[in-house]
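So, here come the structures, one by one.
After this come two complexes, each holding chain A, first together with chain B and then together with chain C.
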Partner chain A sequence: MTANTAPEAALGVLPKADGSAKYSHAGYTITASVNGPLEAQRKDEHPNEAHVDVIVRPAAGVGATRERHLESVLQSSLSQIILVKNFPRGLIQIVLQIEETPENDYVNTKLVQASVNFPIMPALFQTCILALLSAAVPMRATATASVVAIVLEGEKKKTVVDPTPKQLQTAQSVHVLAFTSHDELLLAESEGDFTVQEWDEIYETAKGICCRPQTRKSGAEMVLDEADVAGQADMRQFIRSTMEGKVAADLHWK
Partner chain B sequence: METQSQSFVVLPGDAIDPSIIPTTKTKPLRLGPGLRHIPPSEIVPTVSGKLIVDPRKNSMWVEYNSHRYIPSQNDLIIGQIARNAADFYYVNISPYNSNATLPHLSFESATKKTRPQLAPGQLIYARVTLANKHMDAELECVSSTTGKAEGLGPITGGMVFDISLGFARRLLMAKSKDEGGLQVLELLGEEGLAFETAVGRNGKVWVGSDSPKIVIIVGRALKETDEGDLGVDAQKKLVKRLMRDMR
Partner chain C sequence: MATAPPALSFSRPAFAKLSPHPFLLASLSQSDSTTPASRTNGRAPNQDRPFQIHTSSLAHAHGSALVRLGDTTVVCGVRGEILPVTSIPQYRPATLYDVEQLDAGGSVGLGRGELKDYDLLVPNIELATGCAPQFLPGVPPTTLAQKLSTRVYSLLHSCNVVDPKDLRIWYHPPQLATDEDDKMDEDDGQEDQAAKPELKAYWVLYIDLLFVSFDGNPFDAAWTAVIAALKDTKLPVVRWDPDRELAVCDSRTNVSALNIRGLPVSCTAAVFLEKEHAEGGEAHKNKYWMLLDPDRLEEELCQEVVTVVVDRSEGETRIRSIEKQGGIVIGRELIRGFVGIAEKRWEAVRCAMAKDIL
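So, the complex of A and B:
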């Protein structure tokens, strides 16, 4: 599987859940279900806001430290965009089942417990957003995420979007950034050695992918625009077109 | 950011073009579900759906479909008695949500001495009188203005089917054929089936009839219309097929 396949999504794949989404991009396939707002358990109950519960299930075996870390990162950023204050003492439960990953998940994954798995973050994040939209959970804004790595090529450093597993092994640093639809930075996680200048560059690259302006360009301009971010899907436009399909199907009678 | 395309499909956080917001001096603007007002003057959608603007009623809302019911005042709902307390019943209106309360005195001509004795599991058709995010919802089975039941109260016999919230909304429309594109119940009636229905805004529809066969047919027709997003023509075909299978 190549890293730069076009993203694909299906909504409402699980009939019993309040909302669900199946998303595949860059070799990852993830199914998410969202239930909520529900009644929170006593230990999770918060008097003023809903608790967002994220559960990540790996493709094989049971979740461990790595999954807990992914959950905590997702939980804190999703709580920012879900209108949690609308549902005091409530619970919004998000379950993410990883189905496919570009590496072979049956070997070597749990060897290094401390190692984090950044490249899967954008896929998990995007699936969460789609499933939340499918469940019609009230949100402040939508959000998009991307992963960018700095790879050493000979003497030169190069920024790579959606790096392949091989590039990741040799990468100097890996970064995950998420932006809301208001162009605000929502999540920034980094691993490895990098300078401030490099981080700024990463920030601009990721912002370019996540926050592409919505104006529909025509003719030559569009071709140019496509060319300078070759192969990169416009995530925001992707989420919009997926939702437009869902809304059209739901409101066929209108 | 996209403000106004040909269709008004909105996503959470989209900016709404001020020119499409209705403005009149006489009536205040009414915001329906799916919209959030951020003072002083921002109106932002919170769910994805179709933004509907009604300049006549000076209102706007987002039309969408979902599965989880969030109580709101004056909704008609079908609930199930969970247990009895000193002054009220606890009523389950959607799974895994906290129970609503139904005071013992909120029934037609109920007094402390004469009130309906409802067992756990009993279905009731009720109206939401209080919906507040900080409190459990409160229900009534009597109109507080007239003191009459007006069709509300315990439901016996029949069967309840789960439907999506958008479908329940369409069934409850006054002109569900013209506005909601729904004809399936009328068609079934024309075929000579005798049945009655009660629709709960919480995604439940109750079907009652003397014959269990008719209950199943009507319930299945409703569920298939909902799940298959059937149009009027497809509803006609569905009713024909179900009637043929019954014979």
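So, the complex of A and C:
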């Protein structure tokens, strides 16, 4: 079981890559490296824009169909927010290594799972964004993602943010939503059994996590307080404060 | 608008090949408002291609379906193979009592767990058949093929279409002394559990999809083929022979159909943007069209795709899956509206399936 802990991140963890990030949240730990712009391979070369290449490496074993699917979802979302037109015929390569996944207390844990693993998507997404920021790849906007599930508790339906593996087993539906920093819906993946009304509620919940309005004018303390009140992480604020911390550390010598 | 200049006019196929984006745009944005916008394939933006479904065409499969969606043709064959529980690693024995409790308790998670844990459903999609110019025959599975397989696999599990009950093969020991004492001396080595039925094997369903021709929208075609083939699947009635440790079937004609829950139908649309090379910031002002059931040309030109899977077989609309990626045009309102379009699609697919059965 994983507690609903606050996310943690470190930037620039890999010395040789252009940019890198390590991110851990809700039992997942992921390291990403970003290299780019590089020269694209002949088959990936596009005359007008850069090719975004995402490689997902699982915690154990070699990547299979599930990883290909995750890669293509990330690739299509990230090439929307990276300014790919700035680097014609270029390549931006993102490599994600999954280091830890939450312990599953269910007995038959399989090493290689073919099914789409929804809960890992937000962690992959956030790691990508942090690594891209660390590599100073020009982007139109940042983006944040979250996973929300509807779980039956007795007779009542309950919305759970960052569900545990056990909750996922019995969940009615699982949803991953990503929003850009302009509050646009970038990615929506849902599966299970739900209605339009339920999806609307999920949308509101996810939007609350991913794009809470900026309250910086009223001071940093206010932001902290609000996050505590809601009892949920504010992903956009988290990415922002991580970057601020990194910049402050880098400019410390001045 | 962007029509080819009269001095240098190309034939339609040449225009489409040379500059596909202006070609589709010219077709969609008609200069006079009297003619409705139409796509290069002659359909209106929200017009789909009708499904043609034909089942039981493969002789050696337990169930099969051939689905045509315009020029996209896919063949799906379902074949059951018997998997004895002794060859399952990490097998946890279940008694009939346990299983009945689980099934009665409506605990979907555990039934699903059985299908998932022992991999009883194995979908595979083959695109490398020369079905379209971009897929070379005889190469390893492309990213698209792997992605489609993953989506079909996860949707099969999340929709619970297959009932695990149908896939269990039980051994019912002969009731030697039912009305007498349970602890009669029994000469087979079943010890005290002799009277209880035992789960001896599972059916594994190999669901193979072959694209015969490919003209866009592979997922809708593939998913409809999977559902039609599963509905057509009839597994032989088998009994477990304890002496030979084998599942044997008595006759070729004694078959039983699978119970397929519901009728999930998938519906896909792609978003075509007016400006091909628009910078991200202009995306809001960029005019767009939502093209229902995109063909191959349209799929190449569209980044953003939305797929909704709905099921109305219980009266009210239940959404089984939403997948939207690759852009920012489709927001909450558009997805809500798209569910309405998917509902119409559901009716059409239901009619197409009913027509095949008649």
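Throughout what follows, the second predicted complex is superposed on the first by the 221 of 254 C-alpha atoms of A that agree within 3 Å, B and C clash if a C-alpha of one lies under 4 Å from a C-alpha of the other, contacts with A are read in each partner's own complex, and residues count from 1 in each chain.
Convention: a contact is a pair of C-beta atoms (placed from the backbone, for glycine too) under 8 Å apart; a residue touches a chain by one contact, two chains touch by 3 or more.
Source: prediction; values computed, not measured.
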Check whether A:W199 is in contact with chain B, with chain C, with both or with neither, and answer first, second, both or neither. second
Contact-wise, after the overlay, does A:Q80 reach chain B, chain C, both or neither (first, second, both, neither)? second
So, does A:V247 touch the first partner chain B, the second partner chain C, both, or neither? first
Just to be sure I read the superposition right, which of the two partners does A:I55 touch: chain B = first, chain C = second, or both, or neither? neither
Given the touch rule stated above, what does A:H69 touch, chain B (first), chain C (second), both, or neither? second
Now for A:T170: first (chain B), second (chain C), both, or neither, which partner does it touch? second
Quick check for you: in the superposed arrangement, does A:E184 touch first (chain B), second (chain C), both or neither? second
Could you look at A:A10 and tell me whether it touches chain B, chain C, both or neither (first, second, both, neither)? neither
Touching chain B in one complex and chain C in the other: list those residues of chain A. 81, 83, 140-141, 180, 182
Chain A residues touching chain B - in the complex, by the definition given at the top: 15, 17-19, 35-39, 81, 83, 86-89, 133, 135-142, 180-182, 214, 239-240, 243-244, 246-254
Tell me, which parts of chain B touch chain A in their complex? 1-2, 7, 9, 11-14, 34, 36, 44, 46-50, 63-68, 70, 96-98, 133-134, 166, 170, 180-182, 227, 229, 231
Can you name the residues of chain C that touch chain A in the complex? 90, 92, 107-109, 113, 116-117, 119, 143, 146-147, 149-151, 153-155, 157-159, 277, 279-281, 303, 316-328, 330-332, 335-336, 339
Which residues of chain A touch chain C once you look at their complex with the stated criterion? 48, 64-66, 68-69, 71-73, 76-77, 79-81, 83, 85, 106-108, 110, 114-116, 140-141, 169-170, 175, 180, 182, 184-196, 199-200, 203
